[in-house]
Each structure stands twice: as C-alpha cells, then as structure tokens.
C-alpha cells in the first residue's frame, strides 16, 4: 500500500490502477534489487528493455495501430510514477522513448516513418533519443546554433547537442535544428555519416542513465526524415508530454523516500522508543505527507485537464516545478530521519536525492518554470 | 474573477457557484467598505447580522425544517471563503453560528430545543456562542475544569471559558462541562442567573470580532438544556464542521492578499517599469498562486469526501493547518510586494495578516494539527 | 539580563554598556508601561521627548560642541537596540533625529546653521525630519521629482515627499531636491511659506509614530539653508548612519519577543507540563536564539568596522537586511509560542510584528538590500 | 582570495593566516586534483598521509613535546576549514587523528602511552580511530552495550562499534566501553586478539573516507591501555574538540560551493547575459554569502572563547549545527546555479552536498544539537 491520504484511488479508473499496480510489481521485482549496483557502476540496466517493452511501457499513449497501448495521460503518469519510485534513470528512459521520441514521430512524421520506427520503438528493438539542448543553450533553446541546410537529396546537419539521455544507445534521434532560421525536427538514424554520440562521464546523478553528446559534422539527412513541424512549438509540445510524466514520476521518488522514512522511524529505537514518537520526527513526516498529497492532487487534476483538452503548458510547468521541488525536499528530510543509515545504499534516500538534482534541472529548471508561471500571472516575461 | 488556476469552476455545481457569487457580491458591497473602520474601533458590524441572515448565511447546512438552507459542505465552504475574503472576524461570526451552535443543537438537542433555537439562530434574531476553551486548557480541552453537578431540576454549572467568539453578544451558549467526569454539552441562555460574559479587550487580531469570557457561578441549567452527547467527541464533532469552513475561509483571505498583490505589482512603477516585471516579485506571486491553488484543490477534495461520507478528522486537520499556514505566509509576501503602501488600510494586507494569527491558533493550533497528522502517520501520539 | 549567548558583554566597553543599561531602564520604566495605549490611539508619546533629550538620546554621535554626546557608533547602536526593545516608533523617532537630521546638519551645513539647529535638536526643543522618499520613488530615490530653482535670495522648492517620520511634528526638515538636475539638500523650517506637512492616517504599523507628507508649493528657502553636498551620496550617507541604528534596533525588537517567548513557554502549562518541554517549542526558541545571536555578532562587528573606518555601505545593507528579517520571523514564531495570548496587548508580540513590517520596508527594502549585496558579489547591478 | 565579507582577516593573527594559507595551497595542489577519482572509487588517498603529517596537520594542538604543533584552537579550525574546502573525508581523517585520538591520549593516557603513541600519530606512522557509536546507540551514546570486564592482567572487551572513520586503517583505536556500568576509555592496538575492523561498504557520502565497524570478541586489553577518565564526559570532551573543527570545516565546504557559484554565474551566459545578472541568481548568492559570513563570525568567536577558557559545549553545538546546516543549504543552491553542469565532477557541488549529509549526522545530529540548545535555553531536556 502506498500513501493515498485523499483517497484518490476512488477517482482513478480500474484500468489506470491496474497499470499502476503492474508497474509497481515490476519495479519491486526487477528494478529495486539491481538498481544500486547499476547506479554505482554508472550503467543502464539494458536487460530491462525487453521486459519494459513487454509490459507496454514504450508507447503508452501511442496508438495501438503503431504498436502502442493507446492509454490515457493518467495511465502514462501513473506508470512514470511507479518507474521513478524505482529510479529516476529508468523513468527517464521511458520518458524519452514515450514522450520525446514516439510522440513527435506519431505527431509530426510521415506515415512511412511512423511505420518504420514506432513499432520497433514500442517493442524495444529500437531505442530513441531527443536532441534539443546545446552546451550554451539550456534554458533558452530558441537560441540553438545547430543548423540544417537544404541539399538536393535532403539536408546537411551541423552542430552539437548535450545532456542527451540515451544518446549513445539510440537507434534514432529526434534532433531539432535551424533551417533558414526556423526550428525544425529531423530523424537522425544511428550510423548516419557525420553523426556520433559519445557518452558523457563524471555524473553524480542519474548514474544509471546514459547521457550523451550528439555531434553532427556535415551529417546527411534524407528528405523523408524531416518532421512536419516548424518553430519552437515542435520541441515544446514534446516537452509538455514529458514534463507531465516527470511530475508524476517525482511523486514516485518522493513516495519512495517517504515510505522508507515511515518504516524506519517506527522501527528505529533511540532513547528507548521509536524515533517516530519524537515531535521533531513527526514534523518531518507530516511535511512530506502533506506536500506529497498535494502534489498527488495536482498531478491527478492536470491529467484530467489533459484528457479533457483543457491543460495548458502552465499547468504542466506547475506540477513539474512543484512535484520535483517537494520530492527533493522530502529526500533531504528523509536523510535526517534515517540518521547515519540514510547514507547507505540499503536505503533509497541518497540515490533519489542525487537523481532529483538532474530532474529539477532538465526539461525546464525550477526557476524557468517559476518565470513561466510569473508571466502567466502578470502578463510580463521576466526571463532576461 | 478570482484565482482558479486548476479550473475548479468546472467541478463546482451551478448551485455552489451561485452561493459563492452571491456572498462575494455581499462582501464587496457590504463588508469591504466598512470593515477597516470596525477593525480600528474594535467592533463587530452588527447591522450585517440581519443581512447575513437574509442571505441564508446562518444555518447553511441546517435542515430547512428548522430554517436552514440544507446546503452541502462545499457550499458552506465557499460561503466561508467569500466571507473571509472580506474579514476573518465576519467569517468567524458565521462559523460559530453555523458549525458551533446550530450544528450541535440540530445534532444533539431535543426536538423542543431545536424548534426553540434553530429558527431564531437562522434568521439572526438569536446569536450563539460556543464555550469549550478554558484559560489553562487550550490545546488540551479534555482537561477542562468547568463542572456540572446534577440537581433536582437540572444542573449547577461552575467554571470559566475564554476566547469565546460572540460570547458577549450571544443569546445562547453551547457550553461544555464535566458531569461526573464526563464531558457533556449544555445550552446556556443569556440572562441565566450566575452566567456572565464580559468582553476581552486589548486584541491585536480579529479586532472586528467580539471575544469574551464566559463565567459560570452556580449557574442553574434546566434539564432540557442538556445535549444528548457524552465525551470529547461532542465538541470535536462541532470543531470538525467549523475547521472545514476555516480551511475554505483561509483561502478567501489568501486570495484577497494575492489579488491585491497582482493588481498592485502591475500598476506600481519603480525603475521605470511595473514591479511585476522583476524576478523577485514574480517569485513571490508564483509562490502565492501555487500554494493557494493547491489549497483550493485540497479543500475541494475534502468537501467531496465529506459529502461522500469519507472525510476523517485528519482530512480536516490537513486543510485547516495547510490553508491557514499558506494564507499567513501569503500575507507576509503580499506585504513585501506592496512596499510601504502595504501597511495602510487602503490595502487589506495587514488586517488579514493580523487576523490570521488568531485563525492559526484557534480550533487547533498549527502544531496541534501537525501532531494529529503525525499520529495518523505513525500510530503514535506525541502531544505530551 | 538579556540574551548574550556569545558573551559579547566581554567585548563592549564599560561606557557602551552603561549607555545600554541606562536606556534599558528608561525603556522599562517610561516606554513599556504606556506604549500600547499610544499604539492603539495612533499617537507618539510626546512627553518622552524631553526625557529622551535629557538622557542624551538626541545627538549621540554629534560633537559635544553642538550639544551632542560625541559617543561612538556602537554606543549609538546599543541605544537604538534598547529603544526598539521598547517600540520601533520610539527608535524611529531617535533614528531620524540623530542620523537623518543632526548628522547631515553637522556634516553638510554651515557653521551658522549648525549653531542654530544642533543644540536645540539635542535638547529636544526642536524636532527634525528627513524628506527623501516620494510617492512614486521609493526604492529608486534618484528619480525624485521635487525640484529647486535658484532665485535671487535663495531657492524655490516644489514637490512632495511621503512616508516622512515626524514630518508633522518637525521644526526643521532636511529635504532633498533636484537643483539643475543634481540632488541637493535644504533645511526647510516649520512655518516657511508654501510648506505644509499633513499627517498620513490609516497605518497598521508604527502606530505610535507620526508619519507625514511634506508638500512644497513655491516654497522659498534662503540661500544659507542649502546644504553643502551634491548628488545621491548626500542622502545615502545619512541612510548609512540610520540603517546601522536600525540593524541594532531590530535586535532589540527580536530580543523583546524572544525574552517573552522564553518566559511564557516556561510558565505556560499544557498537557501537564511547561510547553518549553515540547520539542516543537524548543525548535522555535533555538531558531530565535541562534538567529538573534548571529545578528548580534554581525552588528557588533560592523560597529567596530565603522569605528575603524572600514565599514562599507554593503556592511550596513547586510546587517539591516539580516537583522530586520530575523526579527520579523522571530515575532512570527513568538506568536505561535504564545498561543492565543500572543494576540493580546499584554504581550509585545503583535505590536513588534506589525512595526517590523515598516522597518523591513523603509531605508531600503529587504529586496533592495539583497540586490545591493548581489551587485557587491557579482559586480552586476540587477535592480531594473 | 576567499570570502571575507567582515574583514576577519584583520582579526586573525599572522601565524593563524600562515597556517590557513599553507593548508589552502596543499589542498589546491594535492587534494583537488585527485579527490573526485578517490570519491568515485571509494578510497582514501593514503599517499596524502605523510604529506599531511609533514605539514603538521596531525597534532595541531598537541604539545610539541609529543611531536605536535602546540597551536591554538583557531589555527586548528582554519586548518580544518581548508581541508574541508578540499573534501569532508580528508578533513574527517584529520579531525579523528587530532581531536578524537591524539587529544584523549594526551589528556587521559599515561605518560608511557603518550610517548608510545603521540609521536607516531603526529608523524603519520600511526593512524588512529575513535570507537564510541554503536549500531543501536547513535544519538544516545550513554546507552552503549560494549562492555569491559576486569581480569588479572587487564580487561576483556566485548561489543561492537559502527560508523568508525579510519577503523580499518587504524593502528590504535580509542574505544569507549562500560566497566562496572561506568563508561571508560581504552586504547586498543591493531592486531590485538579478538579485535577486527571490517570496512562498511555501500556509502553514498564521504566516499573518500574509510568507515568501519569495530568488533570486540573477548578482546584482551592490557591494564596500561586504560584511559584515566570515567563517565560520558570522557568521550564528550573529545567530541567538543572535534565538533569545533567540523564547524570550521563546514565553512570550507560552503566556501567551495559558493566560490564555484560566483565564478560560474559570472561566466555562464543565458539569454545573452551572465546568469549572475538575474535577480533569482543573485538572491541565491546573497543567501550563501550572508549565511557563510555569519557562520565565519560565529566560528571565529567560539575559537576565541575556547582560547580564553570561556567556551561551553553549547557554543560548539551552536556552530556545528549552524555551519553544517548552512553549508548543506548552500550546496543545494549552488546546484541550481550551476544548472546541469552542477551534477558533473568538474564542479565540486554534488560531492560536497553528499559528504555534508554525513557531517550533518555525525558528532551529534542537527536535531540533537537543537535539543542541546533547547535545554540550554529552557533548562528542560526534551530528548526523550
């Protein structure tokens, strides 16, 4: 059983709960036992890929026509929640595959490309990645330098991307570049001449995830690999999908450290009684429970807004910003509750705490989402 | 229009929204223009009483049989929200009448007493009050000293209550006392021998509310004025009702200071531009908007839980604690945004800030609700 | 005895401690007994003026030649600390007289003017005020509109000032205006044609202080009343003096609410024991003690830096910003510790809390000082 | 140059500054280039030991008679500051050697033992460790189970210690056990029969430190290895020494992340300008600068109190609690400022953040020090 202070289980459908429970079992059985060793080694557990595919975790919202599950936003969110209860890296893998690769291919690629890529992405034969961020353009992707030039047979791509989850592993990369000054998307296939994707090393976070650079040097892209979308709204539409999943995912990480804190505080004895009986410990548990419960309400509502066609990007900024923030603060408090034991890999605290530092930064930093909401309130942009 | 980031208006019924809008208009037209002068003078605006009665603000959930409106929890909550958008003192007046007087009379009094009191309380002819807190027993009402002794014709009451909203004004007091060691309720009518209710002076908060002591010196209570309820669950059931209204009410205060902050920041020019364009101002507005929006979600859900018979006292502790806390912090931030102007009575900031200090303390302090939730999480009481 | 965790008393000189103790006695005997009634009435206790003069509280740092005490910065700071332990309004009165009126007259006026004004300001015969802030120029005084034009016999002053402590009471106003586009100071005497100083009403803060507008309509100022200083550095030099006193003063307010909290928590019994024995109460007391103690260290050091000629304006920004902030947060926590009693005027909590809202805003808001320090760190101004 | 807002360099002696500068150079040249790889590998850089010894970093306060430097508290603090600017693990190594091993041997061992151990500990031939904490007695060491029984030739030791820095490396362990119910100290030499010290694995913090269990199974200790001290005051006196160094050390970690943040924010361009020009970034930098500066003042003062014989254990609790707390919060803010780059080992942010989680917990957790100070204020212990 998991934290459900507000009885949200009465609002989720049976199907949604079924998906959540099956992913939860998968995480308990397949991810939790092995994740710390991958975290330490800095490797992604590749043998999970076929299993995740089999569970339908790739293409959750993708049409069944292309091998997806055709499920709703909420189902997607709950699946991400459970994956991130396991580890943010595993959830990131699924976020990229679902929201940053399969979504734009389904939304913006030709029928031919959809048929070529989506089924293989759905069954885990192919891994995808998403190339937007550049070394000097993190919070301001519109300033990107990566450039496409029209040629007779297609496009010539030059530039570099950074912080690309799964880049080194990917069979296909959704890459955003400027063509005649306008942002456009391209599908860049592994092995394309002039394309390389070296792994970035030295991470203290998401260590069970592969993070890469993408380098394009006169990389030739066929005409048919261009996506049918122009402008920043292309990548932003993908980010909206992914951020929604992150908002649910962060709840999973938060619930993991909360659950561990409740258990630990009830069994750890100091001064002759469980530390759960101390006011200073209860205060921390109550903070975590309260903030997670409000985050659950907010994520639930935004999922329903999505499903009813009423969600705005600002709703997603709200829940991404809020839920990652309360997750990271929960991990901090959980560390205090676990005392010295909290630094050991027997408990999931430090791993989640470190992972969430990346999650807080990627797909719009905390401060960038603050300013998105600030603009929504005031009508005035204060980014620069 | 008011803050509704999550489109909750799509979830409220038309009837609920109608009640909210009518109270909102009432507050705008009748309360806001006069409340600062009452606050300054330390008086309750008595001429509002018949108007509030006419609007159905007394007995909102009380059965129509006894003159009430028979509305649901959510309607009650929204009415309290709007009243407290005006002033916490006016909302407190209504909270007491509805939840602490009419509720226990309807729930625990004889049919005769219901007929005697409820219609007059509903039409504003009678004002009620609720005597639970004692000078030395605030957070721990079970320790009360006020004592009832059975006599031939009824009961002899001795003791003193403190911090009683409307005590001096009240025609009938719902008073809790120990009879043979068990807490029981009594209806004490104005003018009963041995009963006095002097006003408490020197308040820096809820100055537009009358706060009183209740003093019982061999006060004779007829048998029929005893409520049919034993134990702490009697007063606690009333507090659950009232706290729910407070949780919605605090949102009203928070929305008042937020709305004023948005308006002010967009019109106040410094360094050649609206202060709404500064990141440090946007950060404050976003904090307020986010926390109020989550508080709205939580209050909405708990109202529905109540209506579906699933609300627990801990749900109410959650929203009372959370919503008052974010309201008081919002008032603090609003003060910063309003600069020097924020200390003037042209703006509602300081009045709400001061009022909320009482609201934070009464009906369970912030810390007491923390420990109620801590016990809910851990199974261990840490009050003492 | 008062909070001195770090044994700073070993570092203060005997003379400094003597001044502090005598002001402390004065506050205990003369201010605390009457201040709540003045706060309520919205009046300054004028009968304190001769007593304060007699104690040497006007012109503490002013040369003895002109009737001052010729004491050092630290002595001045400690005197302000003790006055604000009483009430921020009384401290504000002294701040204005010392730092904003007597300081600029001594620093920038002619010998004749010094002789004319300083002895009377020192003995309390004259009250002064300081006119810098304008309705539309709070955080950005350099944008002021008030204007002086040279005439044959002197200057013609036009414009308006706002938020002027003691304006209505003042015999002489130090007024800053633009002359040929450059900021210059003028001594404007009470009764000067074209000069009026109506009181501002409706304050919820510093209610025991007189706050005024200053209005200049073709107001004729004699040549000799012009100060010998040009540019924003004139008023800023005064503000540096005053802010230093505010930083010490805020410690006085913080110590007042802390001392009351310690006393209250040790005597207030709930659940059968003093509330001081609860972890949630101790946590609040420790927060207050820690922050006040660090604020004391910082104020002490900056005083010594001043005395050694090493203080920079940023040092003063630091301690003004920090100490007012921790004072206001201490008042908030003190309110929780005092429970319902904390809203009564028997305790100094709400009065200090409300006063500190003004103190936080005037002489550079919290955020403005943040940005002053931010510029100091980064070399980049981010005000606009 | 390093952060010195309050010109504390004017207060440190030339000798103190010389020690600080030499350790700073050592850290820059010897530790920073290699520490991330040791952190990743989970190893302590053993080749630093002779270099640290040569620099006089072992036995800083120990009498020169026994090979120490005979320096004062402040010098010791500044050395720890600089070491922890490098890495908390290296500082921990030095803390243990100095305060937890050499201090108690000098204070409580026989002349013979002093001569036997101190010179070798000073020159780095010997490494020491300190065994107090047990698996079930972290915050409450007085409850320890480890037990000594008197035998003809000495003592028989049984029990287990946990979380022992340098345990596996140590040539001599200062071990606290109960003898006839009273806590006493023993020097347990490496290789003693019945004594083993396996390393603890799986740490996410202080990874460049060796952390061990100590296991005593009928371990025979000669009579002369018993320390001449009884009761909890023995180990507590050592902890007071060590905590003082930690308080200075945490400033080093905080200064490292602050310095990196200032540099990064001035060079990182987003939206066409350095991020140091954004208000939200300046606010974070100002927070860090302010809190570090206050922490510096507090550490400086407590050092001087120590040197003047006026320091109380509560002073040390204050600075340990405060400085570690602000360091950990600074690391969190530094992470935000560094954006995605902040998770890389090119920057010291994540390593310090993770290390400080141990530092916050060991030698008295944050909450335990809160309650120590709470007892100091109220006279009431609230630990249990």
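A, B, C and D are the chain letters, set down in written order, and residue numbers restart from 1 in every chain.
One rule holds in what follows: contacts are C-beta pairs under 8 Å (C-beta built on N, C-alpha and C of every residue); 3 or more make two chains touch, one makes a residue touch a chain.
Treat the numbers as computed from the prediction; the structure is a model and nothing was measured.
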*asked:* So, comparing C-alpha centroids, which chain is the farthest one from chain B?
replied: D
_Centroid from C-alpha atoms only, then distance chain A to chain D, rounded to Å. What do you get?_
38
*CA centre of chain A versus CA centre of chain C: separation in Å?*
52
*Taking each chain's centre as its mean C-alpha position, how far apart are chain C and chain D in Å?*
43
_Quick check: what residues of chain A touch more than one other chain, meaning two or more?_
278-280, 283, 370-371
_Graph shape for the chains shown, where an edge means the two chains touch. Line, ring, star, complete, or other?_
complete
*asked:* So in the complex, the part of chain D that touches chain C is made up of which residues?
replied: 5-7, 10, 262, 265-266, 274, 276-279, 282-283, 285-286, 289-290, 293-294, 297-298, 301-302, 305, 310, 314-315, 318, 321-322, 370-371, 373-375, 377-380, 382
_Touching residues of chain D toward chain A in the complex: what are they?_
36, 133, 136-140, 143, 162-163, 200, 202-206, 269-273, 280, 332, 335-336, 339-340, 342-346, 350-351, 353-354, 357-358, 360-362, 365-367, 370-371, 383-384
_Complex contacts: residues of chain B adjacent to chain D_ = 278-280, 283
